[in-house]
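After this come two complexes, each holding chain A, first together with chain B and then together with chain C.
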Partner chain A sequence: MSTATTAPARGTGDATVRSWKNPIILSVVALFALLVFALGAPGNDVTFRLSEENDPIVLPSIVVSAQLIGWLAAIAMIALAVLAILHTRARRKVPTWVPAVFAILFLIAFLTWVVGSARTPNVALYGLLAGSVTLAVPLIFGSLSGVLCERSGVVNIAIEGQLLFGAFAAAVAASLSGSAFVGLLAAAVAGVLVSLVLAVFSIRYVVNQVIVGVVLNVLVSGLTGFLFSAVLSEDSERWNSPPRLPVIEIPLLADIPVIGPILFQQTIVGYLMYIAVAVIYVALYHSRWGLRTRAVGEHPKAADTLGVNVNRMRFVNVLLAGVVAGVGGSFFTLVAVSGFGRDMTAGQGYIALAALIFGRWNPIGAFFAALLFGFATNLSNVLSLLGTPVPDQFLRMLPYVVTVFAVAGLVGRSRAPGASGIPYIKG
Partner chain B sequence: MTPQDDRPVPPATDGGAPLTRRQAKDTARQDEVRLENAVETAGGELPPPAVPAPAGTAAAPESTLLQRIMTGNALVAFLSVVLSLILGGLLIALTDPNVARASSYFFGRPQDTLGAAWTAASGAYSALFQGSVFNVRGESFSQRIYPLTQTLTVATPLICAGLGVALAFRAGLFNIGAQGQILIGATFAGWVGFTLHLPAGIHLLLVILAGMVGGAVWAGLVGLLKARTGAHEVILTIMFNYIATNLVLYFLSTPAFQRPGSTNPISPQLDATALYPPLLGSAFRLHWGFVVAVLATVFVWWLLNRSTVGFELRAVGANASAARTAGVNVSRGYILAMAIAGALAGLAGVAQVSGTEKVLTSGVAASFGFDAITVALLGRSSPWGTFAAGILFGAFRAGGVAMQASTGTSIDIVLVVQSLIVLFIAAPPLVRALFRLPAPGAPRAGKGGTTTRTPASTGAAA
Partner chain C sequence: MKLELIGITKRFGSLVANDSIDLVVEPGQVHSLLGENGAGKSTLMNVLYGLYDPTEGEIRVDDKPVTFRGPGDAMAAGIGMVHQHFMLVPVFTVAENVALGNEAVRGGGMLNLQETRTRIRRISDQYGFDVDPDAVVEDLPVGVQQRVEIIKALVRNAEVLILDEPTAVLTPKETDELLGIMAQLTADGKSIVFISHKLREVKAVSDVITVIRRGKVVGTADPSAPTTELASLMVGRSVSLTLDKKPATPGEVTFRVRDLTVQADNGQRVVDGLSFDVAEGEILAIAGVQGNGQTELTEAIMGLQDHVTGSITLGGNELVGRKVKDVIRAGVGFVPEDRSVEGLVGTFSVAENLILNRYDDAPFARGLSMSPSAVEKNADEKIAEFDVRTQSASAAAGTLSGGNQQKVVMAREFSRPLKLFIASQPTRGVDVGSIEFLHRRIVAERDGGTPVIIVSTELDEVLELADRIAVLYRGRLMGIVPGTVSRDVLGLMMAGMPADEALAQAHDVQGGNL
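What follows is the complex of A and B.
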């Protein structure tokens, strides 16, 4: 992903060159918010429910006026846009909190407007958030797999294949053994197998990494599809009826409203996700291994000069990424539904790839980006039930449009690891 | 190996090129000289480029004809296909119930297991062949060659979209977005086809044009974003695929597109004047879209190898910084390459909507856009290679449908074989090692890790 860095160099280089891109985008979006969210606000109140009636701790629902929120948010956004314009005029850098706050305001205003315009302006916020996290679990595993690969300099387009093969292996192994945990292990092994092919072809045989990734996705899709129709669907009792992973509820903590179910009422895959984000973040930025990984991905020649075995480092990282993505794949067959279906990952691996780039190749960033995608998907599901004026198809394309804007530079420039995608040949 | 071959751009031979191109040509010529030197000094460490290089550069001078055949790309390609078919056959045999039954007494009568395995694999492959090339059991001549025309019908969109992907590869762009471009092209073409009612001839021409414009706009947007913001085209095209799918679904729910009286996302039938006429009479589904695909292949060949624009595109693909230094407008190159690629994918959309399907649905592109990537990779991004690969994959797909119907073997096996072929072809050293073939250019050097070396120039594509 190295060519991403060529063009915008002149735009954001030093502070003396004024870049009007951010102020212009912010102004346009702020005007849009004024027109739609404030002037076009529905007259009714919007209810956000925070807990169910029979929860141990019951919180009152938040009831707000859609017009008030719309106007407040629009005015605040315009103020931020003006601030950005002033900063740019004075040849100062726009502070990073400005776009961040702007994005949050936009999200709040959009949510209020879209729920307010629905036929039933009443939404369970806790369900919306919990559902988002659930939908984001495979995305987070996938993008963590991408982080591990790309930070060491290997582009991983095969996340989709890793997830799908993980899901397949988990279903088969769990069905045969009768234990969901065996399925979890098998998923990790399956992810590693896909990774192994990726590593051998892209590192040992120096085949273009994007090609290997794309082809691997096709291969896994064909292989699992073939086995599904030749074996699994012939005797699905034996091959394709895995037990589900149990939900482990942590006492007391799980009763906290809104965040309780999100953080403390998960299956082991859900907890592993939080652990994986934390461990990979700490390892990548605060350990010797992480420093070497990043060095190999940024400047392999320098790393090699200092005695790091570049290709072995990459090989190990790609295999580790396979473990992570494989476990993520098990989510599909051991948590979400019980059983494997043809091409059941449905392009989630590509979304994970987008989350990785949106999150700027950082585990924490990828985590939040994936959450955003999960939120957008869940929102479109919830809203199509509530009945909104926005056509369903536009809600469904929301995550992808957001990604295009993100990649095209709305949220600042995201820069790929320097050597990502470039094979390293010693000498 | 890489989609855009590592050959330096050969100097254009026409004398009438504008003076501003002069520098570019000179640089390219120098590059070529430098690279030839490099190839020679590498002492046979480098594998041959994706497209056979001019005689004398790749093969060592003393190599015999046999050695040249043994180290050639054609042999590797052939062996890749054979190896993939064998692996696919193994997969069919392993999952066959008869084989499983016979294997329970494998040590008593091993020949039963092997026989059952052979029956399963050969049965599936013979059904595949009969469904794609020649039907032995056909009663009339037209029935016997019917499968072949089916193959060409399926190959038509594959060739068009594959050419688009290949052209973008050559300009250094990884165009994963053929799927979306086909969809948008088909949407434009379909709308012209069922909304405007025009006389025959003009109508079809407008439909084709609209399809090309649709694809070109959709892909050109990606080129524009890449050129202006530096966003990566792999992500952009993937996202644009999803956006296109949802956009088409939305269109199909509006009165302008939806079939009157229907609640399903399906458009009215295209006018008869908007359809490609059948090529071999109404008994066959093959339509004039195939001729358009052939013409498109000729055009892309001409564009890449004989035109100034194509020269610039290849220069951008070979080394964007060098091209910029030499005075080529790289941004324009990106936009142009994507727009032409999109127009070609749009042609695939036209072939679907006004040739095969005759109606616009959200599934009109099937998975042609993704198959096109493998087609372009197998064709090594050369126009005629893509053409041949398109026909091969068209045969796989057409035959796969027949195979699934007659022997019950899932058509997914075709995906497995296709992707294995591309994987093996992409890694010639692996195939050579598996078949104990000598490495190219170094027939007596024997082993040693040097065979895996490849010029590392194309990381830019990724």
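What follows is the complex of A and C.
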């Protein structure tokens, strides 16, 4: 901590510390690309549609040769892998743009190959992207909830429970009241309830935060499952038929090709998501609340000696996180489908946690990480419709494989807040 | 501002940490609190700073009674504190650290860091601190971090500044700079409470000295009082501050280090091309400010570091690349710098801790089973021999005082014939009485013909024990000098000057250095 005195690195030129991890991974993946995407490329053209025929602004479709793209991408990836090897051999740091460009090339090559190999080599790119955003909405809310908690020093494993309870409360409240907006409000309250238990046990009673979180997830799953079969299924007309949130189109802006539907054709939950990302980002780095939150999560004792009430700060943040995740949960029952189903969040809370780490505890990072996971999920949905040669089960594994690689730190080491998971006891 | 503590008592359960302490700090004064580790100095200051509620007693500011419910109240009353372990968020910038808890804000609670930067620059210029408000704290040297702490207090208009063991982490040069800053502050009418157990510094800076022992004020002293008088007041009995040791009679050189380089995981050379020898029957002290590669050097010898190049030989056998167990088997005894984490298993009993390095040898082990009676017999012997004050051999080691814990570690390491003995910070946080005892044991081991390496950041200890002194600075050897060298030379070397230059310069300037 503060007593680390050793001077900044003199020469990083060194004999023993040299990480070959990056170049090896890049080389293996590049060879894979060469074998599959280039040598195994289908002979036909691939069509990516950018707009629908009856859209106000119609963009032409992109038609490319699968073989051409496969070969170009594979060669470029091999070149990047060689570059990484050369840098490592010369004991220099591999520039950060190398893995980034590599990943984009891989994505393009993979997309071209997999669509090209499908029975109908024709995909609506705009739909693929818009669908990704939609699927990412609960993930983004979930990881923002994680950001709020972990930045203040509380590990939030209970995101899953917050989402699920939010979904349940939204469905029931909206069904009973007949208003989706009441459901939205109920979802926020439900998220706070889960948070309250987490906060009381982990902050007040200093119980291990991971254990409380896991227990909460099991509790919420059991409780909603029981109520679902005992009450909701009995009279689903009354209890479980919530109205859906309307999609609000912003005139003109919604007509912009590709990005229009993503940004300006959302339900209120979708717009709230964009607002939440921006507000939490600005507040975290530029407000008094944010400075104190980060201080409490990094070095609570320092904050305490400056008159900041550490545990109150944490308590408030955990409750706020409940609001965010609860609203995210309403997506499942008020936007995606109309009605609650047992364990319908299906582990998305854990993926949100992964997005949080992948996004390096930063709201914007978490947003993009969640988008990537949403894209992987949506891609597997779209591809199984197109009839790809890859078995459906493998495609559905895609988001989880991406998660494992992401969390394993392939994109540089992420550094957690210093005091995350460590309860603060005065004195 | 005049600050008074009247009859402050602080109890933790049955333990009385402070026993009705009276203290008056006058404006413009440096008031030193002198006491051993665990005497209750820090507890008293935490009471004063609002971190602890006093069990009894009263705090008065300018003759008016005040109560502090938290550090915020104490700061509002004009009290600032620089903690021994800095209270800085390492990933924050200087400005963010200074702003925290006292933020200048625009509308809507948005930070106005520009305002904070301006205030930092103003204070920095006034006192010549040379602190960049936008630097990230973890990248700054310790001396600068300390100035950031002082700025934090000054921004909050502190009139009384508490400095808790401020010189423990500084080089002699940085210490001089700090003393200069303290003089400037008192000239501005601010008062300083200076907490230390280093007699020399206390004598140099104080206007008034209050000595605390076992939670009680045992007297006040004049800064001109002789060192031995202060020491006996602090310890409660007369102590000999000088160790009677015979000159070393070095034998054969059995331990050799050649071109030793250790790299951290990020590739930084934390130990950089060290070569030195240690002969049988001599003590080589390794001096330097904390964090200049000492830890990594000792760990490299023990086989605890990755990325080690070069050669370490003991009696002709190479140690680099060997497992820790092999190094121990080769006859190396090691006292790590943090006994509570690395030296002992706190929840294990004293008896178990005493055999951690020999648990699988006879007579403690027979095949798969252990022999409790042998473990117990060994414990009784060692406890008697090293005068370990413990309730019983089965008490958890973590419950012992620092000095007694260290005796347990030392007893364990000395319990078998050694070919090399290494001790890191052998007396850190140990009471003066135990220091004498531990030092005698180390010298006895030397006289028995073992090569000894002592790593210490305390110059007193280095000069006390060493036959030769090696100084490390940023992982490099600044040179090896005889144990009789002056403090000035060591101070210069610890700040990065090679031995020959340091010797020449110290010869030219007969300075008023500490």
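The rule is simple: the second predicted complex is superposed on the first by the 410 of 427 C-alpha atoms of A that agree within 3 Å, B and C clash if a C-alpha of one lies under 4 Å from a C-alpha of the other, contacts with A are read in each partner's own complex, and residues count from 1 in each chain.
One rule holds for everything that comes next: contacts are C-beta pairs under 8 Å (C-beta built on N, C-alpha and C of every residue); 3 or more make two chains touch, one makes a residue touch a chain.
Remember, predicted model here, so these are calculated numbers, not experimental data.
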| item | value |
| --- | --- |
| Contacts of A:Pro389 with chain B and chain C, given as first, second, both or neither | neither |
| Touch count on chain A, higher of chain B and chain C | B |
| Which superposed partner A:Gly178 touches (first chain B, second chain C, both, neither) | neither |
| First (chain B), second (chain C), both or neither touched by A:Thr403 | first |
| First, second, both or neither for A:Arg288, with chain B first and chain C second | second |
| Residues on chain A lying within both footprints (that of chain B and that of chain C) | 1-8 |
| Complex contacts: residues of chain A adjacent to chain C | 1-18, 286-292, 294-295, 298-299, 301-309, 418, 426-427 |
| Complex interface listing, chain B residues touching chain A | 1-3, 91, 95, 97, 172, 174, 176, 225-232, 234-236, 238-240, 242-243, 246-247, 249-250, 253, 320-321, 331, 370, 373-374, 377, 409-410, 412-416, 418-420, 422-423, 426-427, 429-430, 452-454, 456, 458-462 |
| Interface residues, chain C side, partner chain A - complex | 49, 51-52, 70-73, 75, 81, 83, 85-92, 96-97, 99-103, 105, 108-111, 137-139, 141-142, 145, 152, 169, 261, 263-270, 272, 289-293, 306-309, 474-475 |
| Of all residues in chain A, those that touch chain B in their complex | 1-8, 155, 157, 197, 201, 204-212, 214-216, 218-219, 221-223, 225-231, 234, 347, 350, 353-354, 357, 391, 393-394, 396-397, 400-401, 403-404, 407-409, 413, 416, 419-425 |
